[in-house]
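First comes the structure, then the notes that go with it.
Read from first to last, the chains carry the letters A, B, C and D; within each, the first residue is number 1.
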Amino acid sequence: MIDFGFSVNPSSRINLDAADGEKFHRLAALEPDALKCMACGSCSASCSAAAFEDTSLRRALLSLQNGLSDDAAKLLSHCMLCGKCTMVCPRGINTRHLILSILKIYSL
Amino acid sequence: MISLITNTVHQITPEGIIDRYPNSYNHFVLPFVIGMTFILVYLLIGLIRILYHLSGEDRLKLLKSLINPKTAWKNIKDIFCDCLLHTKIWKRKPLLGYMHSAIAFGWFLLIIVGHIEVGLFAPRHLSGLTEGSLYYPIFYRFFIWMNPAHETLRGSVFFFLMDLILLYILSGIGLAMFKRVRSIALGMRHTTKPSLADRVALYCLWLIFPLRLLAEGFTADLSGGGFLTRPLNWVFRAFFGNELNFLPTWWAYSICLGLFFLAMPFSRYMHILTEPLLILFRNAGLKVRKPRKGFAEAEIYACSSCGLCLDACPMNTQKKNLKYSSVYFIRFLRRRNKKKVNEIADKCLMCGKCYALCPVGVNSPAIRRAIRETHNNSIKSDYSFMDTYAGSAENSDKKNKILYFAGCMSHLTPVIIKSVETLLKASGEDYEFMDRDKGICCGRPLMLAGRTDAARQTIQANTKIINDSGCSILLVSCPICLKIFKEEYSLKGIEVLHYTQLADRLIKDGKLKVSKSSSAIVYHDPCELGRGCGIYEEPRNVLKAVAELKKASKEKDESICCGYSLGTITLDEKDKAKIAESSVSSLMAENPDEIVTSCPLCYRAIRSKAEVPVKDFAEIICENIEKQ
Amino acid sequence: MKNNILVIGGGPAGMEASAALSRMGYNVILAEKEKSLGGHLAKWDRLFPDQIPAKQVLDSLLEGIKDVKCFTETDVNSINLLDRSYNAMLSNGITILADAVLLASGFDLFKAEKKEEYGYGIYEGVLTNADLEKAFKEGKTFSPAPMAIGFVHCVGSRDEKAGNPACSKVCCATAVKQAIETKELYPDANVYCFYMDLRMFGRHYEDLYLRAQKSGIRFIRGRVSEVSETADGRLLVKAEDTLSSKPLKVSLDRLVLMAGMRPSKAGRAVGHQLNLTTEEDGFFSSADNLLSIQRSKLPGFFYAGACTGPKTLPDTLHEARSAAMEIDRYIKENFRK
Amino acid sequence: MIYEGKKKIWAEYQKEIPEDHYFYVRSCIRQSFFPASEATFLDITRNKLGKDIFETEHHTTCGGIAYHSDAIPQETAMTIIARQFALMKKYGYENYVCSCITSFGLYCETLETWREFPELQQKIAENLWKTCHLEFAKPKFLVHASDLIFKYRMQIAAKSKYKLVNKNTGEPLRVVEHIGCHYSKMFPSKGVGGAEYPYVLVGMIEAWGGQIVDYPERRHCCGFGFRQYFIKSNRGYSLANTHKKFESMEPFKPDMIITNCPGCPYFLDRWQYVIAETEGKTYGQDGHGIPVFTYEEVAGLVMGYDPWDLGLQTHQVSVEPLLDKIGIPYDPAKKYLGKNGKNLGQPEKPHCLK
């Protein structure tokens, strides 16, 4: 191996073929609301934790669907479960249970 | 009759009482003795287990409370009122209260008076096991022959008393039987479905006292009897003749008692024996720590499965959700059905109404929280941002009297924040806004979800900010925050007040002048404010000063949760909406013009369902501040 | 005397208008270039949002025109405005003197092969909304059962390079409907919808969207950039997931292109003969886009349906009925004084 | 894959390529890295096919590299280009053929810009006159050198000695074609076969017996991208693009790659070495790489040129396994001998790439 001072940049591309569908199915079985997000962003806009750190349930769900579970866990790690997102979600998603379920399924 | 007593040794007492059996024994007592022994051993083991699972600190607390005369007196009072007289039920549902006290207090009296009678007339049989002291007082009327010629006034009083007590109990049993058929007549819309052990114990309980009446009726001519047993004896003799074969009824009576005691640990009737223990624990100030052991176990066995929580639960608007009531929760917990327990624990709104209305005082919300803790507390979080955040106080150099913490939810209802600020300014109060732009959550939602460790971190961060602010009053507009600030924060010298309390105080102090409008309003008690913190009167005092206050069909500690409590984890939006509807319909009982509440969650929930204007507590005060 | 009215185009608009005019007592002549009536409706299996069979709608439309003279496989060879009537020569040799003409020439589906990067006609797995609908109608299933299927919204719509900057209005709902039907047919398959905006404007359309989401259909916001074939003959589809601002790839077994609406070629030929103007999008310009969409700039010449821009079926049918009323009013004002 | 569908698209992107009489301009990069390719182009067209391809030593760079690296403004680049066109006119030609894809793209861009903005063309004509005293002209036909070879592919096939066929199996070789981005992605109508399914190299491969490999990242850039390569801190990105292409073509097991751009063969070839040395991965058979050729090299090979005369010893990826596959004889001893017979010196053997 030779050090050229540069190497292949990692790809930022999402590969849906490699996404773990089984875990997401488990999540959807536990909290079917996982499928209902329409990406309006109300949750992140009202989020108490987002005022301090990068926190977004919308993006966390998206990351999970894209197979990037580490990103999702990070996006929810600052959540204080205050429930504002539940109050504002236009789809009536049970966000608190969804967050708890994500953290439980994907942090193992 | 003579033949019956020929082969007995006559031991004549001063009042002509003769022991018909020299060894004071007959085989029929065996079922009772077996049952009684079983239950006593079971109780002893259970007590040791529960005490073993208490933490050392809790055991010490318990011991101290037992020797403290103040708590000891409270223990006695509570046990007498709650376990025997059932005053809590009496207050809400008199007929149901009578039923319970008739059985419990009646039976208690029967035992006590029975023992006194034995103590007076055959004291030997109370002295030791060899003399049958375990069973003798129970079957006293079987073992003795009383010379009618020597009947005294003292004896007759006991005959009368014992029969009166029996009648009292029988009236309770009669009501109980009637309740099985038509529960609504006793004020219960829903009743529990009994388990097999429950049924066995129930039928035994129903039979015990009628059988006692029968048995004593058969022997009333020998042992003497009162206004019930004597006439019964005449009737029996009229039908069956002189030779009465009374032994089978005594057997049946003993079998029922034995069976009842054998079934007791597996049935709801365990509450009779566990409730006093729970009272001792509660008065000692113990709290639920583990979901199934120690204190919680005492709570679980203290549940009488009466089903009053079925009617209390706000989820009962839909029949499908009745299965999430506390009574079933406790039942599954007792049976160690983990799946069901978890499901119910997560569904609950934690509104606390079942706890408030429970005649035994089983704190099932606390147990639910402990269950949640077992599977949610290990969830990792990253709250490092709290380490550096120092709050967004506006003029931090000035030490203000009042620090206002709006909390996460109030930020979704700007009308509350705006009105609270208007109210403070109108009263000339100096205040500082702790979380105008952003803030750390109070920790109650995490706590409710069982994430205790995470909650502790937010509590720690907020405690520092509040203590550093130099305030003397912490003002909150969200009851959820209020509860945790009061219970879990250690704020030195700082008074935590809900804005309803502050408003009441400001008006009383003359700092805030309000005028009364002609509007008829109704007040919705938020769960965490009312049942959670016991604040019912302050908001009403203020509201009476600004409007005509109407009543809701259910209010104060019976207030129906708005459905949007943060306590629930899995209840879905549709179910929440249904609960909100039932809450609103209770509020509309007297057709008020407006609904007022004092919680941002309730405000939003009720607003979404009510057809009359919904106002925040501070908002309606601001509308009625007297212009100077 | 009954006034002659010529209706050009035997799709839903032409049929519904003919039925209404005939009920009003006019002598209606309907000319349709295809072998049978029904237009695109006849080729569709089920209709959004309620998934009622297209045949059911078609049958009731056919029922309405029992008394109408229909010429199928008939083009309008020439048409010109005389004094106040139109003289039309049909390809079947018949000449008609009509007091009013209704153009209901509808739309052509965008030719999906024009979006070369999607590989329609090049990769076996790529098909159009019409192809899929045909397969549904004929009860044909894919074998082996596909494991992953994608739907591309806005193919030939909202695309200046494809010559159509406008929205075709029906594709979103069609895609979601077809995605649901596909998922029902192949429950184990991953179904993806690649959309730019979801325009679920009609009644129950949003319900359809929610139903699709609940059934596990994944909505990816981003237009497919290119499609290629993998070594094992599947389709490799690339897009950007614009909600996470990341490029994305996925292997699919089938890719369904939601071909949009373009002005009908045959309709434009008729318009050309009368110098009827079209707007920039190629659809006919109405006298007024708010008050009288059914009127053209020529007296006695009317429009109904998608010849004045993309429309849903209910829109088309409403227009057809209101066009009939407009024609009735025109005849009464000009011929019955 | 439906071949008929592709043919339909190819039919839509036909470009007029005159048979003969061209003014030829070279490529800066190719002159340096693949000098034999341009020499072969001239030899085949002039000597083997008897075409009139004129070249003058007075032509310069087109300015493309400087332009794309933001080193010179557009007007400067256009004036340089105007001078090239003026030379063509001066020597009496009206068909312009260039060796470089960057140039080809820039010529197309310039001609389109002039068409859209005649005032700019006027200004450039003035610039040209002021600076060079040359008369402004535009070519009647602008083609790329690969267009010409495409045009002559059948004539070359008729004169070929070898076919792109594995002599052991008789199977056609699996060939990956790679088109320079600036050939038709900017102006699909200017390239043979358009941008999505370009036909220019496919036509050659088909004519010479090979089989085309259509792999998912076929359209992707080779990784050159001017700025991405020139700045060292961006090279990892350049490399990543090449890596992506190879990962995508690997399952198709291609025998060779044919390109029509100056940068592409260079990067597809050299980056295989860097990928091998940094990632430890090779894409050809038995630890070899996939050999990369210019279209002139491939034309030369099928026509029987000596591989070393085509400059194949300057490739990083060894070509011998492919030559063996086709059955083209070569003398290993002569690999590193120059035209004059002197030893050029032998490169070090890489660690990973055979």
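Here, a contact is a pair of C-beta atoms (placed from the backbone, for glycine too) under 8 Å apart; a residue touches a chain by one contact, two chains touch by 3 or more.
This structure is a prediction, so every number in the text was calculated from the model and none was measured.
Student: So which chain ends up in the middle if you average the CA atoms?
Tutor: Of all chains shown, the one whose C-alpha centre lies nearest the global C-alpha mean is A.
Student: Counting only C-alpha atoms to place each centre, which chain is farthest from chain B?
Tutor: Measuring from the centre of chain B, the most distant chain centre belongs to D.
Student: Take the average of all CA coordinates in chain C, do the same for chain D, and state the distance between these two points in whole angstrom.
Tutor: For chain C versus chain D, the centre distance works out to 46 Å.
Student: Using mean CA coordinates as chain centres, what's the chain A-chain B distance in Å?
Tutor: So the centroids are 42 Å from each other.
Student: Between chain B and chain D, what is the gap in Å from one C-alpha centre to the other?
Tutor: Chain B and chain D have C-alpha centres separated by 87 Å.
Student: Per the touch rule above, enumerate the chain pairs that touch, sorted by label.
Tutor: A-B, A-C, A-D, C-D
Student: Using the touch rule from the top, collect the residues of chain C that touch chain D in their complex.
Tutor: Per the touch definition, chain C meets chain D at residues 113, 116-117, 119-124, 226, 228-232, 236.
Student: Quick one: in the complex, what on chain D touches chain C?
Tutor: Spelled out, the residues of chain D in touch with chain C are 1-2, 4-6, 8-9, 194-197, 214-219, 251-252.
Student: Contact residues on chain A for chain B in the complex?
Tutor: 31, 33, 46, 48, 51-53, 77-84, 87-88, 92-94, 96-97, 100, 103-104, 107
Student: Which residues of chain B touch chain A in the complex?
Tutor: For chain B paired with chain A, touching residues are 346, 375-376, 379-383, 385-386, 389, 408-409, 411-412, 437-441, 443, 445-446, 449, 451, 454, 458, 564, 566, 569-574, 601, 604.
Student: Sort out for me which residues of chain D touch chain A in the complex.
Tutor: My answer: residues 232-233, 235-237, 239-240, 243-244, 274-275, 277-280, 351.
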